[in-house]
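Below is one structure, written out as structure tokens, with a few remarks after it.
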């Protein structure tokens, strides 16, 4: 392995989080982003060719070394790693609303889910999955939430466009369809919120 | 690499601590301790022969994959430039409570924030941003926290009166009911999660 | 996701009550979707009357009628039930389906559930790969100063304030619905007179919870066959009668 490959391997190993190709290039003052990219490719090939148990995965806008999925069951049994607690259904739903509506305020989240959201928002914030991204202009200037890099990381996504588009869901509802009681020719508008 | 070597590589990589050779052997029901030991030797050779930036190190009675020492300096430099450590949201909120309510005890902080504060308080103390400024008269004489000089320095303030005069904030930070240190422990209720 | 409703041993023996774990439902919309799915009903054409009754019955059985979120939905459904009973005044064209808003919310929520399921699978899939488990201790360089700015501190203050009302609200709402008391009140009135009006059952200056409690009590009594609930003519006052008396019409 050449020195840049080694340096990049060392960095990916010690970072234990996705590292961007720019950050990797900065390791060596003489290396360009293109150099870092080709070093990544060579490393990836080495891992594949020598059948290492780990591989380089593109994740959350960066690169990370992860174990290959076929070892999941054995590693789960061995329990040598630190496990993160599962998210509750309430937390997942709240995250879903935030992912699609960001930046979004608490009131809107609560309106959509039909339950109060304070506790769940705090949990998600503490787990680094969402963050305050701004404030609304509305009354009381409520905080607006968005998803974090760690959110992408946990879902194994490169960026937010990897989320399924609304029209790919079995129930497509963007924008909400007005309800037509009997006749469909009338261009009825969405009823006002009560 | 043979399957046992792979399994051991995956386990060493993902383990949060050094792994004993017995634990490594237990990964595969058909493997003996001797098998695990020879797999370790093969892995070690692979890393050396292919000049990987990592090596297998015996540590605290177990084995671990670590980056080779010659990359330490470069990685340290890189860390400086990868990110300046930021306070987490939880730490900032805890510090906000302490800044505006000092001297304040842990129970009160937890009551206001609705989550336990032990870990965060320790971090803030280690970082020299808060300190113990006294003890409450209440049961168990809990410690009371306040902000340090370093806290002021970091914010570029001369003294605490330079903090934005936020009467509404100070008032809003009043706990929901008058807080008697005595009944804290008894009533320390975790807010209902929705 | 399966909805398991488990009754566990009574927390307070002798109270006759039982504690219900409701971890299956993540809110009133979830419960409503569950009821619809269970009976394979179309969201777009909800039989409001039937669903409202089932919703009330379920939250009563699960003792959810103390949770404000479920209570609000119960109120909404009852209002819809009444609106659906109102005559439509002939022309169909100007008629706005009172269920439209609820249908929209249910569809929207169903989509949220679908996405959250997708996310759950994504998380599971991703969790099959492990990152490096051992995080090397901070190198022996002079510790980097933690940085933060005044603005961040102030934002944190606001986050803390924003978090306060929720736990307080949860703590101070004491048993908002009291169906038992309402049932007792109606029974007492019916002992004196064979027929009473809806307004009689409410007592003076009823609060919203009084109205809901009374409504729940009446529906339950009607279901048990203890009372008749009759509206002799459209818009006429609703009459509540003892089971033993003949219905008016």
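Each chain gets a letter, A, B and C, in the order it is written, and its residues are counted from 1.
The rule is short, and it goes like this: a contact is a pair of C-beta atoms (placed from the backbone, for glycine too) under 8 Å apart; a residue touches a chain by one contact, two chains touch by 3 or more.
None of these values were measured; they are calculated from a predicted model.
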| item | value |
| --- | --- |
| Most centrally placed chain, judged by C-alpha centres | A |
| Chain whose mean Cα position lies farthest from subunit C | B |
| Whole-Å gap between the CA centroids of subunit B and subunit C | 40 |
| Geometric centre distance via CA averages, subunit C-subunit A, whole Å | 32 |
| Euclidean distance of C-alpha centroids - subunit A vs subunit B, Å | 22 |
| Set of subunit B residues in contact with two or more other chains | 10, 13-17, 65, 67, 75, 89, 114, 191-192, 194 |
| Interface hub residues of subunit C, defined as touching at least two other chains | 27, 69, 130-133, 135-136, 155, 158-159, 163, 166-167 |
| Residue ranges of subunit B in contact with subunit A within the complex | 1, 6-7, 9-11, 13-17, 19, 23, 26-28, 46, 50-54, 65, 67-68, 71, 74-75, 78, 81-82, 88-90, 114-115, 191-194 |
| Partner subunit B, residues of subunit C touching it in the complex | 27, 69, 130-136, 139, 141, 144-150, 152-161, 163-164, 166-168, 170-171 |
| Complex interface listing, subunit A residues touching subunit C | 13-14, 16-17, 57, 64-69, 72, 75, 80-82, 87-90, 92-93, 95-97, 99-100, 106, 112-116, 118-119, 122, 125, 132, 142-143, 153-157, 163-164, 166, 169-171, 173, 176-179, 181-183, 186, 190-191, 193-194 |
| List of subunit C residues in touch with subunit A within their complex | 1, 26-30, 44, 68-69, 73, 92-93, 95-97, 99-101, 103-105, 107-120, 122-123, 125-133, 135-136, 155, 158-159, 162-163, 165-167, 169 |
